[in-house]
């Protein structure tokens, strides 16, 4: 799905988290929102997911105005930084949650839900953990379950907030490849937020460098690296 | 096995603190309870059964337990609602409301008892209103119910409140991004997280209500078989110097208390094992 | 960044994912206000309305009677004795439980909490059975001129029983959270045991201690069921404020009963006020469950 961000701004009280920003994300792209904390990247992601409402501007999904769509209507697969797994549910129930939450008319049958969950567990390469609770999983496993849970609703796009932030360096590298693979198999337009320039450069097709609520540069990783547009970008990617 | 009874520690004051703790615990709590159990042992199981197995005693025990259960159920629902409102919403007077939740803890039960009676008696403020529709509250089981709701009010709210405070917003947001309506999120995500705490509060409110005396006797009317609660029976037996019968009913009530204490602990173990937190 | 506030200028239909519909919100707030109004505020107001039914003078006159004065004096005396005892117990128990590791700790905590789940009437009964004139110990004590039941020591014991866990319960979670590091540091610096307690531990737990003492005191002054059983309710001798309220009420001396009740209600209000002040001012030094 093609995502168009049109002059979106957001302020909390009197402080501006986002100055009007515009960004076009082609269908099927894997995009990194890169910037230090406070740069507005998470706010932008939350606006895409419908968790935050922009102060001004529009969001277009495939050319349709989606600004007023509620979170539920957006069908954005969202992976939270803390994963936000439901601690009182098994991994299976976590992944099945979005399907079970559908109104009866469009809810798949139990057998169909089980089939899909099993398939997703295979996709994240953890076929045997369906009966476990989140507290019994490692950090990397939790992240993958959160990803599977987001994928279960057959999302129109995938939004990830610092997906590797809480993991140690080794697991981080493995999961990066995992995300790339899942993106390539599903073909979903994917946006992830990161403050790690190496991660953004290695993983993304398109890097959006942000600072202080503004977009500093949009470009392919090698272009951003070769030709930083502003002093901020030059400094940030040389870290 | 190899674990020592008390681990060696550089901390000072082991003997003193242990001495005070165990001495006072024994003197104030354990020995008196032991005296009750000893009395029961001397009286014998058959004797206890004979005392308890009388219509008036059964009626009183059943009444105390049944109305306590209803009152605790009411407090379960209202307490969760109250906890939610106090933590999640901001409105004028919230602090006063929050402080008022503890009033039943702070207000002496005898004071609550006569005050509730004054309100719900046929000539009282609420009693008159109820009488209009032919509803008698004071001196009926309704009166007992209201008194028990009053004394049990803070328990559920106070156990659930900190849990509501700790719910991560991201978990609720995750549910919404997965397409769940707010109502679905509340039912399937929020309420299950509150359940262990709510059940603990429920059990505490129930235990409190079963043993409650001061706030109930004024409003109850104390008619044998109808509005006579179990603790009152103990007092009546004592006033007749019938110590054996008093002890028998006391032991029956103590067993109910212990059973409930056990249930509370089981709930906590269960929730810790299942969810990894209480 | 992820601060969740309702966005100004957002269209009416946008609602944060963590909020209920405005109508539901208002309905719930209304239910809370109405419920607490009927269940808690109404009885509180009723106490004062009934006390002042015949005017302030009549109310004050009833408090000036000898019975009322004696009851107030006795209640104050009992609180003045039982509360410090329980405070000392609470500190000792919390120290023992949080500074040492031993087997059966959970069981000990359960035993300390026991009085909360025992009916006050049963508590009173236990003390009568233990120390009553018919019992072994009680008989001997009475013979030696030191009766416990139907006398002050019995009332104090009953009061201590029902208020037993208050202070310990407040202190244990706070002291667990604070850990042992500060005390250990003081010990390595050569401080003696008492010095560690007075200069390191006590300053850290003083607000939690005050909190526990406050609740303990409110309950001690207001205890009715247990005291009714052990006191014998002898006027001018063993009748406390709550038991005097009962007697006055049953003699249809409504103004007198409610006037005395109003004094206790004021005490309850002051307790709540101080408690709330502590929760606002010293939240970081109270048990986590009291923080708002």
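In this document, chain identifiers A, B and C correspond to the written order of the chains, with residue numbering beginning at 1 in each.
By definition in this document, contacts are C-beta pairs under 8 Å (C-beta built on N, C-alpha and C of every residue); 3 or more make two chains touch, one makes a residue touch a chain.
Quick caveat, the model's predicted, so the values are computed rather than measured.
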item: A-B against B-C, pair bridged by the larger set of C-beta contacts; value: B-C
item: Relative to subunit C, chain with the most remote C-alpha centre; value: A
item: CA centroid of subunit A to CA centroid of subunit C, Å; value: 51
item: Whole-Å separation of chain centres (CA-atom averages), subunit A against subunit B; value: 47
item: Centroid distance [mean C-alpha coordinates] between subunit C and subunit B, Å; value: 15
item: Junction residues of subunit A - those touching two or more other chains; value: 50-51, 71
item: Multi-partner residues of subunit C (at least 2 other chains); value: 2, 17
item: Per-residue overlap in subunit B, given as positions that touch at least 2 other chains; value: 173, 176-177
item: Subunit B-facing residues of subunit A, complex; value: 49-51, 71-72, 74-78, 80-82, 84-89, 97-98, 100-102, 133, 135, 149-150, 152-153
item: Residue numbers on subunit B that touch subunit C, as the complex places them; value: 3, 5-7, 9-14, 16-18, 20-21, 24-25, 28-36, 38-39, 78, 81-82, 84-86, 89, 91, 93, 95, 97-112, 114-116, 118-119, 124-126, 146, 149-150, 153, 158-159, 161-162, 169, 172-173, 176-177, 182, 186, 204, 207-208, 210-214, 218, 231-232, 234-235, 238, 243, 246-247, 250, 253-254, 257-258, 260-261, 265
item: Complex contact set, residues of subunit C against subunit B; value: 2, 4, 17-21, 25, 28-29, 31-33, 35-36, 38-44, 46-47, 50, 85, 88-89, 92-93, 95-97, 99-103, 108, 110-123, 125-130, 132, 134-135, 157, 160-161, 164, 180, 183-184, 187, 192-194, 196-197, 215, 218-219, 221-225, 228-229, 241-243, 245-246, 249, 254, 257-258, 261, 264-265, 268-269, 271-273, 275-276, 288-289, 291-292
item: Interfacial residue positions of subunit B with respect to subunit A in the complex; value: 168, 170-171, 173-181, 184, 188-189, 192-193, 274-277
